[in-house]
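Take a look at the following structure, please.
As written, the chains take the letters A, B, C, D, E and F, and residue 1 is the first residue of each chain.
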Amino acid sequence: MKKVEAIIRPEKLEDVKKALESRGIIAMTVTEVRGRGEQKGIKLQFRGGTMDVDLLPKVKIEIVVDDSKVDAVVKTIVSTARTGKFGDGKIFIIPVESSIRVRTGEVEK
Amino acid sequence: MVGHISAGDTAWLLASTALVMLMTPGLGLFYGGMVRRKNVISMIAMCFLALAIVSVQWVIFGFAIAFGKDINGIIGFSPSYLGLVGLLKGSLNNYAPTVPALAYVAFQLMFAAITLGIITSAMAERVKLSAFIVFGILWTTLVYDPLAHWVWGHGWLMKLGALDFAGGTVVHISSGFSALAVALLIGKRMGYGEYSMEPHNIPMTLLGCALLWFGWFGFNAGSALTAGTLASIAFVNTNTATAAGALGWMFASWLKEGKPGSLGIASGAVAGLVAITPAAGFVDPLSSIVIGLVAGILCYNVMLFRIKKGIDESLDAWAVHGTGGLWGAIATGIFATTAVNSYSGLIYGNVHQFVLQIIAACSSIVYAFVVTVILVLIVDKTVGFRVADEEEYVGLDISQHGEIAYS
Amino acid sequence: MVGHISAGDTAWLLASTALVMLMTPGLGLFYGGMVRRKNVISMIAMCFLALAIVSVQWVIFGFAIAFGKDINGIIGFSPSYLGLVGLLKGSLNNYAPTVPALAYVAFQLMFAAITLGIITSAMAERVKLSAFIVFGILWTTLVYDPLAHWVWGHGWLMKLGALDFAGGTVVHISSGFSALAVALLIGKRMGYGEYSMEPHNIPMTLLGCALLWFGWFGFNAGSALTAGTLASIAFVNTNTATAAGALGWMFASWLKEGKPGSLGIASGAVAGLVAITPAAGFVDPLSSIVIGLVAGILCYNVMLFRIKKGIDESLDAWAVHGTGGLWGAIATGIFATTAVNSYSGLIYGNVHQFVLQIIAACSSIVYAFVVTVILVLIVDKTVGFRVADEEEYVGLDISQHGEIAYS
Amino acid sequence: MVGHISAGDTAWLLASTALVMLMTPGLGLFYGGMVRRKNVISMIAMCFLALAIVSVQWVIFGFAIAFGKDINGIIGFSPSYLGLVGLLKGSLNNYAPTVPALAYVAFQLMFAAITLGIITSAMAERVKLSAFIVFGILWTTLVYDPLAHWVWGHGWLMKLGALDFAGGTVVHISSGFSALAVALLIGKRMGYGEYSMEPHNIPMTLLGCALLWFGWFGFNAGSALTAGTLASIAFVNTNTATAAGALGWMFASWLKEGKPGSLGIASGAVAGLVAITPAAGFVDPLSSIVIGLVAGILCYNVMLFRIKKGIDESLDAWAVHGTGGLWGAIATGIFATTAVNSYSGLIYGNVHQFVLQIIAACSSIVYAFVVTVILVLIVDKTVGFRVADEEEYVGLDISQHGEIAYS
Amino acid sequence: MKKVEAIIRPEKLEDVKKALESRGIIAMTVTEVRGRGEQKGIKLQFRGGTMDVDLLPKVKIEIVVDDSKVDAVVKTIVSTARTGKFGDGKIFIIPVESSIRVRTGEVEK
Amino acid sequence: MKKVEAIIRPEKLEDVKKALESRGIIAMTVTEVRGRGEQKGIKLQFRGGTMDVDLLPKVKIEIVVDDSKVDAVVKTIVSTARTGKFGDGKIFIIPVESSIRVRTGEVEK
């Protein structure tokens, strides 16, 4: 099992949610985060100089899925969340050893 | 002249002026709650600045051209009104004989300020602060001041006999249709129509609505300029139409969407307030119920129409103030009754007044719309109206003010 | 009759009416801050709707039955008051001879509105919007209007000689004990007592409290219906008791819990405001300190008692308005002094007034409680009072309004 | 005496008193938005408590020593004013002959309350609630009451002929310089200067600013104590200077920092309000523009200076109220004109008034500063002024009130 | 070492905290998140139709513990956070390679 | 690749960001969290008794880097975020299997 941890633009959340849904991926956990990538946010110009706006609002989607579905999830996110501009986000794949359903206590490996 | 000043009337007019002043920041909160959290400061700040800019303009020359001696029905001018130097003592017999001249000046000032504030609806989340300031000074001087003169300053519409108790035409039609012009010219927000732009703080909008409702008693009942029967009627009508407007929008949206949003209740209240504004001192309370109800339902549908057309007049100044004000101006010509004031409307057989109201409304729409178009183009060519894309993306709070609203 | 209208009195009454209007949304914020963030819109919207519904009801027939010609001390009725058609001009000599009739109508309207608002305390986070609306119309018509008639509209309690300066009985006892009835009948919120339900926005509650304190000057000092000595005394008493109430609750909770919460300070202020309401025009400022202090301490302990009993009268309308109002009604019979008005109380040897106050308070409690029980049962059988479990779980903002407060 | 009471003047003074009352919680919001979220309740609660404490103190003995019979120009005392027992009827001929005595008492009370509120700027995020309460009672009694007596209660500054229309000296200089003393003595917040302490809720501060602007019309125009020409002039001047102050600070910070923050616009508005306070009834509107503009620019630079010096007078009561009030007091001596009131200033050749203003301002500064130093030391030695380090770290909301603002 | 990542109902946080405490598990990190499970949130019925409310508020508890304690932690959470209804939550077990205490710089494996 | 997950004092975020930046570590994701360590938060004393304030506000910084850079990142954070008092925070090192850039779809291992 893997955790797909995707950090995307907040305005893309709805689209990504729907795209995943249409591929049968329903369960997910969403967190509001702030982040910056290698290019250090956005540089604004103004009369008095320039200003770096880093730590822009992002949304983190966490989806724990079987190894077999990881690729599909990643592809769906990439194709839906992409705008082609800096700040589109990153996806990290993290190993998960097991998962337990609180309602029933049942364990999945 | 000083001998005629009534302490009671003055007490009410000063209190009313304070109430109307509160409406402008109240509007800032009303609007601010509906934008995304990255633009809330910008929204409120524009309303504060509307108040600040107009306050200074009005003292220096705004009042002089709006309420000075009439020149051909088009504009006013009285040199002694510049800087208010000739108005420190005494009252203005042709406007409000029983209150000090400066009380009347201050009361009228607050109307000019909020009118500019209303237009920021169409600028939400996308304009430069500097552009707003330049536009604001020009618009107040070239659109508001002449219109105020026409309707209240012994200009041509007043002479014609058009009725506008508290500013349906001058304030709401003018700002609403100007907002439409602005929205059409400066275009949509980035991403409008692509993804949803949720209001970031609905309780803030409800608080703003509460302050508007509260302040509007000064707006309408204060417009009686005396503390007596007329003010009391205007007060009751204001409250009644507001309540009916809230209920009208609520039920209309309940029927259509299955659930009534609180923003609809609040917007309906504002629609009711707008619609009763020109009528408040001319109609009776039962008519106010009709005026408010229709306003709520009408403005709701105009909003749906605007959305369907993909016009990003973001916070619906046009739907609520523009068309609500238009309905109110016409409704004044329908429901005015001599039981309340010296005029009667269509339902009492007076077609003349009805026609006058339509003339006044239409000429205000045309004038406000056309001059606004010109001003927007001028500001856009010179200062530039919209911020750069990245500035819009990070939000105006950071890009225009260097601030983050909540942390 | 018009000749007797005083511009000064009218100025004060109109300003007071605006102040009292602001209290209803202020109460919405006061309550809204104390619920969980998923229900804040619902809470504020119910207060807005209380104002909207009652505004229309009052204009159409509410005023006519509360303040119309007395029928056997039980209820009033004047056909010409329906739709306020007969009240456009002149004043009401038997109520407020120096102000226009409509000013009095508007002032009284605002009392009816906030009274319904107060009851929403017991409905917090669990009732259907539709049920609230139906209940609201019925309750205002069948509980508030008769009570207002009894006490202020020349009904039996007024004839008896019971004193209620600004509504301790009519407004606070009635709403507080009705809230208790509602809470007992519709039951606890899901999870109440199992896990803690933290207030989601305490500054919002403090803002609401500030608006209540502010508006209450209109409530109490406006109830003098003239701008003079009596209004000034009521004003000072109001402020004094509020301050004392805040300090009373603060010190009581400080002693008991080791720390004084700001919600306690705010609730104590409201308790003080409630308790001084019936007494404001009858007692002197030093008595106001006692009335406020006792109110703060008493209401705090009643709240503790309610919690211990596991009653989910969620936002303590009963503890604060109900028992605070009861104490105020009795305190009026204790501290009334001829140095202020024409009545004296127990400490000046007048047992009669003291007994009258108890009679008035008790009959109001019984009437309000019993009729509310019936109305709740009727609404529950027909519309259904509570939302479904899942609706309660996701919150009323989403389930009743389709909105999310903050995003 | 009762015969001379004017309903109009009373209506305006009561409305003004309510307006001024709202300023104190408004200030709480203004300040509360600027602290970190862990201290917002503490900030607002201190303002509420300033109002509560002073309300009780004033009724019991504060008014008696501030406005009682003068004793050697230093302090007042009238036994019959204790508990306000001798003031229930009639008016105070030597203060406000046309309004009931209690209306004047209530109006003055609100000034005393907000003055204490202003000082909490220097206590932000670090003092014990108990210390604030003890300090507050002492400060109001030993600093505010004497100063009010000197300037308004027929004390030595009044006899000298110093002008202070609505409290530039008594309210703003005294609180601003006292705040400086407090800040210097109790020291910086933990981490001040090491890491940034961002305002947690700027819209809250803007709302607070709106309520201050609104309430200040009562403060300044109410200080005319009558509803007529003088009140109207004070009203217009107040609004004009506020607008100019907002613009002044905005442009100054725009030039210096490249972007104008909304907090600057709001602070500039307050600076304008402060500066016009002593002058409102003595100068004309054009002078108000100058007074406001200078205040905005000056206070902005004083704030920069304070920050550079590393003084943690956290919310700039000194920069805005202290130096803004000082400028206003002096400006009154510069711009006063007989076109408005019976006094003239430096620009009309009256050096005498100018010197008097400086004397009044300086003696108030010295008195307030010195006595505050003593009081802070006393409270620190007895109750202890600051909370423990861990309490400061977790925030005062939890440590002093056991509450969390938002959840 | 493992990270136990539990997503539970917010109203259960206090209970879970106390239960863990009584078993000697004190340290934890809590994040407010929103999430939906396989059944896609909650469906509301109303006059105009139905409405899916997904992304309901949840709380994420992260606890890094020695492998030996993982079972105890999971059991405690499951037994305390369970209501038996949909939406009770999930627990994921994620490997942690090492842990460093900032105050001292000491490393644990 | 590893995810460095550091939970630190919020008031140290700026310093840590700058220190990392000066070492060429720009990209990061920041989440507001609440947490308590072994010593169970802070104990306050007051007239009526004592009160435990646990779950104090913290900031979580997540940085995904090549294995080679983990040490540098950890050292920088430790040296910048440390005050020497309880509550300074923890850093966890978690394995990451791969990382995908949304803008381009490119995968890094």
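Operating definition for what follows: contacts are C-beta pairs under 8 Å (C-beta built on N, C-alpha and C of every residue); 3 or more make two chains touch, one makes a residue touch a chain.
Computed from a predicted structure; not experimentally measured.
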Number of hops, subunit C to subunit D, where each hop joins two touching chains: 1
Superposing rotation of subunit A relative to subunit F, computed on C-alpha atoms, to nearest 5°: 120
Of A-D and A-B, whichever chain pair has more C-beta contact pairs: A-B
Mean-CA-position distance for subunit F and subunit C (Å): 51
Rounded Å distance, subunit B centre to subunit C centre (Cα mean): 33
Where subunit B touches two or more other chains at once, by residue number: 6-9, 11-12, 15, 201, 207, 227, 257-259, 402
Two or more partner chains touched - positions in subunit E: 31, 46, 51, 94-95
Which pairs of chains touch, using the document's own definition: A-B, A-D, A-E, A-F, B-C, B-D, B-E, C-D, C-E, C-F, D-F, E-F
In the complex, subunit E residues that touch subunit F: 3, 17, 21, 26-31, 64, 94-103, 105
Of all residues in subunit E, those that touch subunit A in their complex: 2, 6-8, 31-40, 54-55, 58, 60, 74, 77-78, 81-95
Residues on subunit D engaged by subunit A in the complex (per definition of touch): 254, 256-259
Residues of subunit F that touch subunit C when the two form their complex: 46-49, 51
Subunit F contact footprint on subunit D (complex, rising order): 38, 191, 194-196, 388, 390-391, 393-394, 398-399, 402
